[in-house]
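Structures follow.
In what follows, chain A forms one complex with chain B and a second complex with chain C.
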Partner chain A sequence: MPTAEEFKTIGNDFYSNHDFEAAIMNYSQAIVKNPKNVIYYQNRAMAYSKLGKYEEMERDCSKALEILPNSVKALYYLGIALTALRRFRQGAEVLDKAYAESVKMSSALSPKISEQILLLKEQRHSHELESVRRQSDTLLTYMLELLEKDKQEQLNELKAQGLSGQALRSERQFVQEEFLDKEKQIISTFKASQKGSQNGNSAMEEIPDYLADPISFNLFMDPVVTPAGQTYERSWLLEHLKGGGKDPLTRKNLSPKDLYPNLAVKKAAEDFMKRNGKY
Partner chain B sequence: MSRARRVAREMEDVRSDSEAGITIQAINDADISHLKGTFHGPPGTPYQGGTFVVDIQIPNDYPFKPPRMKFDTRIYHPNISSQTGAICLDILKDAWSPVFTLKSSLISLQSLLQSAEPNDPQDAEVAKIYLTDKAAFERTAAEWTAQYAGGNAGGDQDEIARLGLDRDAVEGFASMGFGKDKIIAVFKKLQIKKPQSQEDEQRVVEELLN
Partner chain C sequence: MSYQRRIMKELERLKTAPPNSHITLVEANDLETWQIDLEVNNDNPLYTGKTFRLQFIIGPNYPVESPQVQFMPLPARPIPIHPHIYSNGHICLDILGDEWTPVQTVASVCISLQSMLGSNDRDERPPDDERYIKHAPKNPKQTRFVYHDDTV
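For the complex of A and B:
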């Protein structure tokens, strides 16, 4: 019988061959043998994500975090799962924690986590737009139903007034036309307001250069400023500084402790994200 | 995911700037790790009129590591291997910075064609010719441009290099108001690369006025 570690190795082989089902079976065997190793849960979580099984992924990440509450990888994976499950509020909290831990540990995952945070915000934005649109569609249907009911009542009233023949026909036509007009007006007002909330707020505004990190080209999430006055995304700059510790532009020595957060740019980037929902 | 996003943005940026005369395309749309870039040979050099194709490999840790570039188009230049297309350029090695881009790298290659560094050669053979017989170097470089880079050797700059004429001498007569084509024709007729004496000069002027 293979040991837990051996099962993991076999699982990893299946994983690299894109046989995720088989990988999961082997990681599960490893977990049976040794339920206290976070790596088995994390690896199985990744295999689940490849199959789009985000609930299982979330469960494995949570188990890993029970064993090792500050595991950067488990927090990051959990954030991915929660994003996919559209549990944005919880996902944002988890990713913030993952990011803080990752920067503290100077983990190489920091750039990826910062990008996942932006991705979550982007998806939350389009999710919110979508639900606003759906609400307004429901409201529109309801109003059209009310209008139809009103029309029927008025038509019935004409009969009750005892009109007949040519007089009835012309009155009926008048009412029909009047309601058709109203219907058109309501629909166009709704469409205009929907368009407005999409275009007015999130027009095809491009990310301006001053809000984009010159290394990742992404919208800023946690911008820092160097002594030379240049602003970079923290995690990407830190990753660059691991190889030599030089300022990317001036090539002078640059240490992580020389960096200060650029709060104004952070605010402006958040504002851009709120309006445009993209990074 | 991060690398792919940045490379896609860079390609988009190049596409939207048609004035730079630069293209970057993926060989296979699903794979951004292997690209081909092109740029034009700079005017006023033997590379003028040519379009040069550069093979670009994006390493996994791009942009922290430089893209790996080499010329697909054969080119005659002291800092580029005439056999393999390997490039000797600091910004593609130690001097790389993650704020550089594929576009800025291709522009650097373009300016490398404009100002060679024969004292830090990639191709020692080419560098030797460059330093000892500049006219011969220019002639070969222009021929290669015509042959491999689709360059039009009929352009006057290329013609000067192809015939190994002295560029300054041609420019000198041109500044007197004569057409370059005519000057080149006269040099050819008199079988000189540049006037060696006052008499030579006078003969050229006479021919030009004919």
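For the complex of A and C:
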């Protein structure tokens, strides 16, 4: 019988060959042999994510976190699972914690986590727009039904007035046309308001250069300013500084302790995300 | 892949808004290998009327690590003659090696090469060309170029 570590190795081999079902089976065997190793849960979580099984992924991440509450990788994976499951509020909390831990440990995962935080915000934004749109669709259907009812009532009234022949036909046509106009107006008003809310107020804005990190090209999430006055996204700059420690623009020595958060840019970037929902 | 987004954004910009009309993206099928046609954007008689083919290989750690850049010899795409360009297409340029920083881009490298060619008036290869190409590694990044002769 293979040991837990051997099962993990076999699982990893299946994983790299994209046989995720078989990988999961082997990680599960490893977990049976040794339920206290976070790596087995983390690896199985990743295999589940490849199969789109985010609930299982979430469960494995939570188990890993029971064993090792500050595991950066488990927190990050849990954040991915919660994003996919559209549990945005919880996902944002988890990812914030993952990011803080990751920066503290100067883990190479920091850039990925910061990107996942932006992705969650983007998806939350479009999710919110979608639900607003669905609500307004329901309202539109309701309005059209009311309009139809009103039309029928008016048509019935014509008959009650005792009209007949040519007079009835022309009155009927008049009512029909009037209501067709109203229907068109209602629909176009709704469409216009939907379009407006999708695009913010006007057309979708492009990310201005002053809100985009010059290394990742992403919208700023945790911007820091260097002594030269240049602003970078913290995690990407830290990755760069691991190899040599020079300011990317001035090429002067730069140490992580020289960096200060750029709160004004952070606020401006958050505002941009709120309005445009993209990074 | 953490850096995929930056690479895609760079590619998109290069396609839709190249830095000038003498830099043309030819293809970038897999996001990893980019082919770019380059011309000088002045009237330097050494290079006017000629088009050169650049190849960028974007590694998994780009832009933290520099891309692998060289000229490619093709029909109607010669290797430009320059004291810092070897006849196999390898380029001796500090920003492609030790002086690379992640704020640089494929486009900014193209501009640097354009100005390196544009300002050159010596119709010659590096002095050690023959020796170098005999033993050159496939990947120019494995060469420890000595950045001598700053006058060029």
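What to note about this one:
Everything below uses one rule, namely that the second predicted complex is superposed on the first by the 275 of 279 C-alpha atoms of A that agree within 3 Å, B and C clash if a C-alpha of one lies under 4 Å from a C-alpha of the other, contacts with A are read in each partner's own complex, and residues count from 1 in each chain.
The rule we apply is simple: a contact is a pair of C-beta atoms (placed from the backbone, for glycine too) under 8 Å apart; a residue touches a chain by one contact, two chains touch by 3 or more.
All values reported here derive from a predicted model rather than from experimental measurement.
With both complexes brought onto chain A, simultaneous placement of chain B and chain C is prevented by a clash.
Of the two partner chains placed around the shared chain by superposition, chain B and chain C are both touched by A:217.
Of the two partner chains placed by superposition, chain B and chain C are both touched by A:243. Within the superposed three-chain model, A:43 lies out of touch with both chain B and chain C [touch as defined at top].
Of the two partner chains, both chain B and chain C are touched by A:112. Of the two partner chains placed by superposition, A:83 touches none, neither chain B nor chain C.
When both complexes are aligned on chain A by C-alpha atoms, chain A residues 111-112, 115, 214-218, 236, 239-240, 243, 248-249, 251 touch chain B in the first and chain C in the second. The touching residues of chain B, when paired with chain A in their complex, are 1-2, 5-6, 9-10, 63-64, 97-99.
Taken in their complex, chain A has these residues touching chain C: 111-112, 115, 214-218, 236, 239-240, 243, 246, 248-249, 251.
Of all residues in chain A, those touching chain B in their complex are 111-112, 115, 214-218, 236, 239-240, 243, 248-249, 251. Across the complex, chain C meets chain A through its residues 2-3, 5-6, 9-10, 63-65, 99, 101-103.
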